[in-house]
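Sharing a structure here in structure tokens format.
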Amino acid sequence: MGQVKKYIVGCFDDEKVLFPAVKKVRAAGYKIQDVYTPMPIHGLDHALGMRETSLHTAGFIYGITGTTTALTCMSWVFTSDWPLNIGGKPHLPLPAFIPITFELTVLFAAVGMVLTFCYLCQLAPFVKKHHFHERATDDLMVMVIECTERTNEEEVKAMLNSNGAVEVNVQEAPVGWWLGRYDRPSKLFKTREVAY
Amino acid sequence: MSLLKYESTLREPLVDGDYSVYREVTYGIGQWNLNKTIGWGWDITNFVWWVGIGHAGTLISAILLLFRQGWRTGVNRAAEAMTIFAVMCAGQFPIFHMGRVWDAFFVLPYANSRGPLWVNFASPLLWDVFAISTYFTVSLLFWYSGLIPDFATIRDRAKTKARKLWYGVVSFGWTGSTKHWQRHESLSLVLAGLSTPLVLSVHTIVSFDFATSVVPGWHTTIFPPYFVAGAIFSGFAMVQTLMLVTRKVMKLDDYITLGHIEAMNKVIVLTGSIVGIAYLTELFMAWYGGSKFEYDAFYKYRIAGPYGWSYWTMMTCNVISPQLFWSKKLRRNVAFTFIMSIVVNIGMWFERFVIIVTSVYRDYIPSSWSVYYRPSIWEVGFYLGTFGLFFTCYFLFSKFAPVIAIAEIKHVLKTSGESFKEKMDVIEKESVEHFAHGHAH
Amino acid sequence: MSIDLNTCTGCAACVVACTAENNVPVVGKKQVAKYHEMHWLRIDRYYAANRKDQFDDVNVLFQPMLCQHCDNAPCENVCPVAATNHSSEGLNQMTYNRCIGTRYCANNCPFKVRRFNWLDFTGADSFPDNQQPLIDEGGMDAIVMDMNDDLTRMVLNPDVTVRSRGVIEKCSFCVQRLQEGKLKAKKASRPLIDGEVKTACMQACPTDAIVFGNYNDKESRIYKIRKEEQTKRTFYALEAIHVLPNVNYLAKVRNTDRHVGVKEEEHDGGEAHEAKKEEKKEAVPSGH
Amino acid sequence: MIREQFEMTGRYKQWAYALIGTGVLSLILGYVFLKPGEGTNSFGETKYWAVLMHNSIFFLLIAIASMFFISATTMAMGGWQTAMRRVPEAISGFVYVGGAIALAVLLGYIYMSHNTAIYHWKDTEHVAHDKILNGKKGFLNTTFYTVATILVIGTWMALRAWYRKNSLAEDAGQTGDRSYFWRSLTICAAFIVVYGLTVGSTTPWLWLMSIDAHWFSTMYSWYTFASSWVAGLSLIMLFIVYLKNKGYLEYVNEEHIHDVGKFIFAFSIFWTYLWFSQYMLIWYSNQPEETVYFQPRLLGPYRGIFFLNLIINFVAPILILMKRSSKRNYATVTFMSVVLIFGHWLDFYQMIMPGPLKGEVNGGNSAGLFIFDMGVAAGFIGLLMLIVGNKLTKASLLPKNHPFVKESIVHHT
């Protein structure tokens, strides 16, 4: 928070139009900050040149952690911390450890992944971010291009318009996220009236 | 229109249930009609029943996602919510069936003040503790992570301040960024992959509660897959019951179509038949196994004997009547489906009742054989109470959260609707070679 | 423990002794009618008749049934909180204050000897004043109130805990007596002598049908009975499920030329123990 | 022009005939060395029959698994597999020869042989004294066995023939004519019911579980199904990869391979799940009437095979097939298919052999006789290759008029 940047915003209502536009804007050398879409659009991440997420690898590691935690804890408790004779079963009843081992594997993987996801995407209650267009969660795909001192605003706007954008404007927006409520306008940055 | 207007009718069972639980905690389980032989009755029957119902949601969202069954999108969100509420109801029974509920935390593995006294990791009930809590957590995460973008959609459409605040908080500041969607997709897929074995494991472990024992009628190796099939069966029936009501009241006919209903009915007839094969297998093995106790448990106390009626109710509701769904006409009949969904739920309740009660009430030693078991009013009250809880939660959910997965539906709409149909007509007429050429990778 | 079914007369002195020794609660008629009785030791009766409908001329067999202290105890395996487990001496022991009352062990006990404290029978509950309302409602008999005042509580054995509501209890082989005996022996720096410690039921038995001792001690009575004297008569309850009880029974032998069993025990492929249970065939339930 | 008509290459045929030759040679050599004719219930005789039974049942079940694959995907309206549909169709064609062989072996054992080491219950005198077997007489007797076996194999053959006829008629029919498709749904529904009542329940009891005649497990049939199903899927995979390598099946690509790979992966875990459930429940409850089954397998001479079985059929697929890329790699999936077919063959081996051959594995002569086992299996593999290859030549490799064929072509994982 604090830092405010200037962005050119172009809105599209059809993904068939969006993809060529993305290609052209990138070819022209402009940096697309992000595209906000109401639903996941297959292939858009690749079109924007994003690398594959390694969230699932993280999940795998969390899972393995769960497996080891479960197995070592149970084995330690039953064989060394307090070995009990329960029903004449061996002190290391491996078949009986499988269910809990499995459950903890899944639990660690799932919880770890969701927390990592929230951390990476900066999602939490009372987190507020700048929204470039309110219809970005409805039916518009909102392309956001960051303005630097070398950006020719008019040229970009014209390019977006000629590539099928249904709406084009320029906004100043704070970078990142801050704590805030959606029922109150944010007082944390100097506002310039935007689309809504 | 909201389902919440029915809330007042639920207050009674809820209060009823609360009072039953209060009495159980203060005075004791002795008010229930359990005895030295029948240690578990309605309590665990209801537990297994609710857990079974709690399987459909995750099954629909996870397994059908992996099998790419597109029709799931219409019903998955509500079904997942149903799962969570059903598991909440289910969890109450093993907790409040304990003689000393206030010491329930003993089941948690921690080195306590009495020295490092741990829990018994080899007990199926402890596996249940892990399985149910993991299942609840993972289902909740799965469900909620799917809801975040939908909450954001509502947040940005909200008119009142209160709604803006509420949906602003629950949507976690979702923006719809491409990178976030990419991670979200990855998360959903892995959670689905994890939930698939998880959902199977939960009812498997519930079945271990019985199958690991030495009680005739409980100890049988087919229980794990058979319980899972039964859980899917009853879960789908409950989804049908709820979805048909939701569809009617909230006018969602366009989202929950006859196609959805038919697909679910197909799953019902399939799982019903699997369960049927398992019943017959058990009957056969009780004879084939050559153990007198096992034979008696099935042939003297189940299909005949004082509990015969419950066995035949189970057979009729679970195996015979779902076979009517082989008829396409009946599969697509809403009223019939609704009745069948209730019939199946009744049948599956009786399945658990038959397994639990008819097995323990006469096991090995005749001197301990018990009398006919009738539930006391407090057991019934407790059960009704969970109905109140379940429907209250579900109605609140349908009031405050989207019952249809908005983002996913948007995704699917591309492959349906009028323009899609026109396109498909063209494709129909094309020759295979031409078509393949046009779609070459 | 060894119980000789030949000498057992079914007098139930053991049951009374057990109840008195172990503070087994009196639950009252209404609760007994609900099958909530708390006896740790009961006497099962089996009847053998020539025909199923012929009950005027039957042979009766008494079998005192108590916790068998199985080595492969099905009850221990399933307890989620490890409240019941095996002692190093082979006792199947109960930890009352660890028990949370899931009743899973009772379900899984093939002998059905585990007893659950369904209501507050002893006034030892965490919740006070929860007996009178139930008595007023007619759910319980007033007799349980006897355990609430100081005078009547004098009947309790001070060496044994009074169990609270919601926990499972069962025969402990009079573990308080075992401990006492062991301590005495320890103080005297000598091993425990066979027969020095008697369980309450053993002590009360007028025909000495019950013998208790250390099976690992090769000189003990119990060892001699099982391994030397009564090898042919020794059998264990429900051997087929392999729970390995620590209580053995000595089969009842009748000197009669009348045919007892309903039909000849069929040859069953050499499972020897089946034959020993001949008398138990065609058993009919006793109590009801 | 796409190559839609398969032709068996000379090499393919050579391999098939060579394998059949190996099988025949193994049977002859086995006959010479094991001397099955000499002495009832001798080791040699029991082993000879057991090997024949093991292979004929195993290969029949994995071939009929293809029919189940077709039925299940058809019933679920799964369009993705249409482009490769002719492969499982051809594999299921093995049911005639395989079924006839199994019928000959099983009924041959019942009527031609005096051996009772495999099926104790054949020995009526023994049964009369054996209380438990006597109780099972109603199910385990030669008459019922014969009738059920003929009926089961006959129904499979009939339904397969009906399905194939309809499928070929569709090729010849009009484009857009859906009547064949609707009829295929009826046939598939009928087959699923039959499959559930045979492989899903009675048949494994009768053919396999009755070997350990005193023992029983309600899980057994579903377990047998899972085992044969994974091997059957692997077999489908092998033929697809082979045809792709030869330039056939133009519209089948790694998307389809990926999906079959997913099936193999998922059902390998499913197999493990059933294995674990059956084992753990018997271990936990620890009742002699059940643990007797695992005694020779886990603690006795079959210990090595017991654990090898788990490693091959569980550890290997879960480690190797977990990654997306490995399910799309032709070399990996081929390797895993071969491994899994062998693994489940071994699973059937440990289901069948410990019952009749209680002492050492193969009477202590492990290596030599294991080669005999493999030799006979090779014969069956050769036969399978020849017949499936032959069936593949009989029809276009693409069911052109199938309503789902376009969906299959654009299939995308």
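To keep things simple, chains are lettered A, B, C and D as they appear, and every chain counts its residues starting from 1.
As a convention for this text, a contact is a pair of C-beta atoms (placed from the backbone, for glycine too) under 8 Å apart; a residue touches a chain by one contact, two chains touch by 3 or more.
Remember, it's a predicted structure, so these values are computed and weren't measured experimentally.
S.K.: For which chain is the distance between its Cα centroid and the global protein Cα centroid smallest?
M.R.: Most central by this criterion: B.
S.K.: Comparing A-C against A-B, which pair counts more contacting C-beta pairs?
M.R.: Higher contact count goes to A-B.
S.K.: Farthest chain from chain D, going by mean C-alpha coordinates, please.
M.R.: Looking at centroid distances, C is the chain farthest away.
S.K.: How far is the middle of chain A from the middle of chain B, if each middle is the mean of its Cα atoms, in Å?
M.R.: Their C-alpha centroids are separated by 31 Å.
S.K.: What's the distance between the Cα centroids of chain A and chain C, rounded to whole Å?
M.R.: Computed value for the inter-centroid distance: 64 Å.
S.K.: Between chain B and chain C, what is the separation of their C-alpha centroids in Å?
M.R.: For chain B versus chain C, the centre distance works out to 41 Å.
S.K.: Could you grab the centroid distance between chain B and chain D? Build each centroid from C-alpha atoms only and quote it in angstrom.
M.R.: 34
S.K.: Show the residues in chain C shared as contacts by 2 or more other chains, in ascending order.
M.R.: Within chain C, residues 72, 74, 77, 79, 82, 85, 240-241 contact more than one other chain.
S.K.: Find every residue in chain A that makes contact with two or more other chains and list them.
M.R.: In chain A, 84, 86-87, 89, 96 touch at least two other chains.
S.K.: Residues of chain B that contact two or more other chains, please.
M.R.: 117-118, 120, 122, 124, 126, 197, 204, 208, 212-214, 291
S.K.: Would you mind writing out the residues of chain C in touch with chain B in their complex?
M.R.: 31, 34-37, 42, 44-46, 65, 74, 77-82, 85, 98-104, 106-108, 110-112, 114-120, 125-127, 130, 133-134, 139-140, 164-168, 237-238, 240-241, 243, 283-288
S.K.: Can you tell me which positions in chain D touch chain C when the two form their complex?
M.R.: 129-132, 284-289, 291
S.K.: Going by the contact rule at the top, pick out the chain B residues touching chain C in the complex.
M.R.: On the chain B side, the touching residues are 25-31, 33-37, 39-40, 94, 97-104, 106-107, 117-120, 122-126, 128-129, 209, 212-215, 291, 360, 363-371.
S.K.: If we count contacts the way the header does, which residues on chain A are in touch with chain D in the complex?
M.R.: Per the stated touch rule, the residues are 95-96, 98.
S.K.: For the complex, which residues does chain B have touching chain A?
M.R.: Going through chain B, the ones touching chain A are 109, 111, 115-118, 120-122, 124, 126-127, 130-131, 134, 137-138, 141-142, 145, 148-149, 152-153, 155-158, 161-162, 164-165, 167-170, 172-187, 189-191, 194, 197-198, 201, 204-205, 208, 407-408, 410-411.
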